[in-house]
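See the structures that follow.
Common to both upcoming complexes is chain A, partnered first by chain B, then by chain C.
Right, the complex of A and B next:
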């Protein structure tokens, strides 16, 4: 009897899971709700719907062509040339030319760029630099270097957003950004006719709208993933690809590497992981996640208050300012770290959220792509500590990372996943390598 | 008493055979890990020199737990031959070995602790590929053969829409071009490329139909029709240079009729909606009923004579049109949007090969018989290495060709043949 019941259960479960991989349907409007701004970097959900980069990462983190079809380096990575994909047009119908690319890149990076010069030569975009640019193709896939038509503005607001991506901006009213499918998109027309993104919506309201069928995609912050699962939301989440790290300045008492080392030793990662982020992701003390590098465990994640006191020694303890990017869990995490540092004898004063010039800034860094060297260089670039990482073997990468972290300008804390909950009528939503949802390939089941 | 002796003898034999099997397995594990264990032990000994050290080992990799004691023993032995004795709880030196891995490789790491100093040694080795073992049974056995070595420009990530072997060459229709591959030393290498300007799509589809004469083909892509022909070069040219392909803008209907003998003239043409990537349902000649929009159609012969038309609709329903009546086919809930009709000669003689995915990352293919209004599985599921993006009847009518997009986003072509069990 039990056996028969068990078999029936297995068959019924198998039948429930039997889903045909039928072709997607075109049409309909997707409704997305987010807590932040659709254009904010690096995770603004609208940016990659409207813009493309010269290169892009696929879902496996492999670098693929986008607006550039091919690229090659010479002079030992001091010069790169990218050949553009022919026939691509901006949303306003104007052709994508190498001059337009150079103009966009110059607008998005006017100083401290990964290159010294960028110029247009026929269908080529040529980058040159005094130092080798080993990972330039991977860097160009990052959010900062998405290509916008600068003739219309800087591309940083909906009004001036003209790109080559699968959707184009049609309006922004009452907190709803409206996008329409780009019929002539070089990568093919998106399945949905349009997307409406409601911005600045509290996560609790997003979930309510999802349950009422008023939203198709809503956010699930890392610390609420467990709650979302308990509420039986259909959640898709990325691997832990967001590095939560404390970035340290080097002015005042922080000019002393021992003081920075004391701060690194005083932080209690376990408390952040267990309490603030509800055991999501992984505790880390390295720039790259364990699954990516294979050596992350070599960096100790244990709090060592004795060592912190020892390193701080008799250093003068002036006030240290601290801020956190983002709100909610990030602010709580910053407060918890301030408490840790207080226990180590530091006088930490919290600065307003988003203050960029604090001595300590709690930040999130995206780890995109499967190439360890390129991912490390990208983190350093985003942290304002640019350095070319040409190392390829695990031993060399480990040594490189060790030397970077020994300087304590950046203190890795946690690797967090990104999550979204999706409605029942939506299918084929995949997360990109950076954990954002790729809505250009998503379709709605109930359109005919 | 006699029965007890018999049981005892059987037990002894079973134990002996088990021991033999265990020994064989251990030997296999030893031979697999001997080299990295030796390399790591060498690096440790270089740092530590002769002496004693406490050895600990942990596994953060996908290596099975049962293999860990063997690996530990290998490392201990290799250390011993280099003068490092593992053990000695009182020793100040410690060796912490971690079996780790990343996306590219296995990484064995030794942290060698000498007092307050820790040295790190690493050995990396390629991750072993798991070999899938698939059981086959039932009336029809599906086998797949990867058409390997389709090497050429930008093959990776460019969708394959159709393919056919013509005149000793492999003609492949990509989303952006038609390429002719020549067999050089067992590998297919792109020898000719003809750019094709068709409407861009996120779900691109196409048809590549070889003619019965074996020397020409017609290809259909959204908004485009191409004709290809091969003639042996007269003077000087190589064998590969005899191909010509001409494309033109076209909204002519596509020949979708997949008979069990694909080399016969197509009997059903359907208009294709280039904006939505499906057949509109308007067909020529008229088959007696108004068809809904559909993704695939094929003809299945009936035992009583005559034939029925099978349709995979845009709404996910599979229906059969017979005697001017369209009725749903049951047992097709987990079918994908494409299918291929093959003449295997097994069972009823004709099977429909359909793809399905379930919740798995990779699709599978299965042969069905449709004697009436039920799809009856006639083969086990044949796993593919990714998502099946296109499936059609091969030129011989006895096999199907499937395009599979693997986890890396690369496309490969599999020939799927059905044989009797």
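Right, the complex of A and C next:
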């Protein structure tokens, strides 16, 4: 009897403990380490912790309301009207108004906005454009159009980043950005009390800190996903939502579409995929991945050096500058592409990382959402080739994409995933549609 | 050039030549000594470089060998061969190179393709020709880099131990200024390494032009590197060590004695050129010093030469000059010129002899003059006696005849008396004429000058004598006169007399007839009048004595005519001379000053 009671007691306690572990707890500080800057675009890890957009994508890529509750278009997509969510306040306590929204949006795309005018009318934000803005709501979900407070009550710019997100900035010291939970966040209070983001930390050191328990979330670049798995890190990775593409200028030698075509034909995607990115993601020659569009396979990914020579023909050779956004694998990939182009007879000179206005720029574009037209439009917008993509059928989208790619201003190379390694004490971490970790819903297991 | 100047020049040249010869010899020797020293130092540095090169080569080879024997690397090679998947090893070379402190390292698969490259990670998959090297001896290679540049390196190739087929390691270290800094160089020595940024064009051996940025020393870019371009190019082309003197700046003491040593790849091509330059500062300073001393000595020597020559001049050349001046004075007629006698050397003996000679000459001239005077007086007395005797004899006979005729009847006495008185008058007239001529000669009148044209003078004389005499041989008088005016400031009467005298003499010289030619012409600032005959001519002795008073070649003559002519001509500041050869007539030439226009 006593034995039965003891056994039952032990079983009950164990069950209670198990139940306790499945429930998230409030409190604790998350330690995040990244190699870059917390605010860099696209998808700097702090951006979506501090800011919200008018709209957002869920984990399935479906567009959802955020700071805007509803939206409707008018005049054949020439006009959009967004109704704001009431009761939302900025981190400094000031109310989120349509005027503040307009001010933030205007600041985020000062010269080149996807709309002609944006104005605040009561709880509404109204966008107008001479051209149809078919995918404006999806576009507003992008990293570029997150809403930040641009002027506080006395008209001055805030000292630090002020948004409406689940975390607010409390300080930045010794390379560590400190965030505290927003107690009055419209989307609910985060589980963690705070997040410390250590920036400019080498990946190797991040992994070391993770293994030592000094970090809870660290980056795993696409080319190191296999290695991370080999080292038995707890890795979460997104689908291939990052398009690695070569963006071409159209000045100088590149003003000739044949020259651009020769460059596109000369690139060896296989070497990039197999070696540099360690067979992560997918080789692609289209803007949208196969899973999304269904027609990606129609774009050939094979290298054709003969065709490259043919297209290049007797074009005058001059030096072409090339740069890559980011470091590590991006720089290596750019150097590899430069070698490929050298074989095709191009004289490519590598410029410093982040050089503006290089002839060729190796970039990453986020493939956001599940809507093909919106995603394509978003990519084109980020590439500086704004266009309204209203096509909806696969056939129309294919033709549209074909016409865009035949101009060779953008050469898709790979679709890559984004990945992070998480610590043992972290729970319920998942990646957003843009591949960034959603830490607002994460909790620490060792907090009671 | 005077003797003094010659002496000065001679002494100065002697001193300067001696100093120059000595200086040149010393400079040459010093240069040889320094050049030998430079060569020795260069050879020493080159041997040090070669030793260092060998040490580095051994270091590289052993480093590669250590890597090749690592367990980790062998496992990598095994996996590589088994799986054929090179992707996992993309960054291996970088890690291994860092650990082994190599500047270059590549892992090359069995197919010769690069698996991983530390210096150019993006080059995976490309072929690495160096992996096919069969020798394990380290070698020089120029490695291409991602930024388009190339770097010179010392490489070694080693197969990873136990890998079959062989997976190789190709690794090395840079040969750059750090390498040079490790080699000790002597003070004043500048070493440099030139390696071209661009690879040589295949097969042509032509490389891009000299780029000073690719010429580095232990401390960075070699100063004035462009000055080495010619020597480096020469060494590069010939493939052999080349030497030369380079002037790095316009200052001579900043020149260097440079040697360029080509560094070759295993295939024999020149990949880089090592230069060793030793400053010639010390040599130039020594040369400057020696030149300074030489100039000083030469200057002092020349100064001494001047002083010495002045002293010599005082001792030697001055007496000689005095002698020369005195000789000129004697030549010009001042026979009383004397030179001072100083000392008792040869020059003073010469001066004494000169003085004695001039004394003798003066004495003898006086004697000669006296003798000539005596002779002239004797001649005058003889002529006078001769001239006077002629008329006196008939005078004496007539008076004697008259005395005898007193005895005769009055009629015969009257006849004799008349004849005698006639004879007496004639001979007394002759006497008076003779005495008149002597008187004329003794007191020639002073010329009264007028502006007269020579043509008029000659014409007057021609007119006077052209008619000739009715009896006697025919003598033609012809004139040759220049058309241009021949003005003279002369006494026309005296000159007429002189010309008349010459014409008469010419006639007398042609007893069988002939032609007297009177010519007049301008000769620069003179007027020349020539009176020629076609007589027998004169001997040289006769020519010499022609103008001597009382000398005559005629049987009857006073011998004063030509003396009078000469006196008249001399009074008009002219000259008279005679040109004649025996049997070819004689020509008297009178030259008178031409009157200004």
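Here is the rule we go by: the second predicted complex is superposed on the first by the 419 of 448 C-alpha atoms of A that agree within 3 Å, B and C clash if a C-alpha of one lies under 4 Å from a C-alpha of the other, contacts with A are read in each partner's own complex, and residues count from 1 in each chain.
Convention: contacts are C-beta pairs under 8 Å (C-beta built on N, C-alpha and C of every residue); 3 or more make two chains touch, one makes a residue touch a chain.
In this text, all values refer to a predicted model and were calculated from it rather than measured experimentally.
Novice: After aligning the two structures on chain A, examine chain B and chain C and state clash or fit.
Specialist: Here the two partners, once superposed via chain A, fit next to each other without clashing.
Novice: Can A:276 be said to touch chain B (first), chain C (second), both, or neither?
Specialist: second
Novice: Tell me which partner A:349 touches in the superposition: chain B (first), chain C (second), both or neither.
Specialist: So A:349 only meets chain C here.
Novice: Looking only at contacts as defined up top, I'd like to know whether chain B or chain C touches more of chain A.
Specialist: B
Novice: Quick check for you: in the superposed arrangement, does A:191 touch first (chain B), second (chain C), both or neither?
Specialist: A:191: touches chain B, not chain C.
Novice: Which partner chains sit in contact with A:332 here, chain B, chain C, both or neither? Use first/second/both/neither.
Specialist: second
Novice: Examine A:252 and indicate which partner it touches, taking first as chain B and second as chain C; both and neither are also allowed.
Specialist: neither
Novice: A:132 in the overlay: touching chain B, chain C, both, or neither? Say first, second, both or neither.
Specialist: After superposing on A, A:132 lies clear of both chain B and chain C.
Novice: Check the superposed model and tell me the shortest C-alpha distance between chain B and chain C, rounded to whole Å.
Specialist: Least C-alpha distance after superposition: 26 Å.
Novice: For chain C, which residues count as touching chain A in their complex?
Specialist: It is residues 86-88, 90, 120-126, 146-148 of chain C that touch chain A.
Novice: Can you tell me which positions in chain A touch chain C when the two form their complex?
Specialist: Spelled out, the residues of chain A in touch with chain C are 226-227, 271, 274-276, 278-279, 332-333, 335-336, 338-339, 349-350.
Novice: Can you check the complex and tell me which residues of chain A touch chain B?
Specialist: So the residues of chain A touching chain B come out as 14, 17-27, 58-62, 64-65, 69, 184-191, 290-295, 297-298, 370, 372, 393-395, 398, 440-441, 448.
Novice: Which of the residues in chain B end up touching chain A in this complex?
Specialist: Those residues of chain B that touch chain A are 60, 98, 100-103, 105-107, 109, 111, 120, 122, 124, 154, 157, 200-204, 275-278, 295, 314-316, 333-337, 355-359, 363, 387-388, 407-409.
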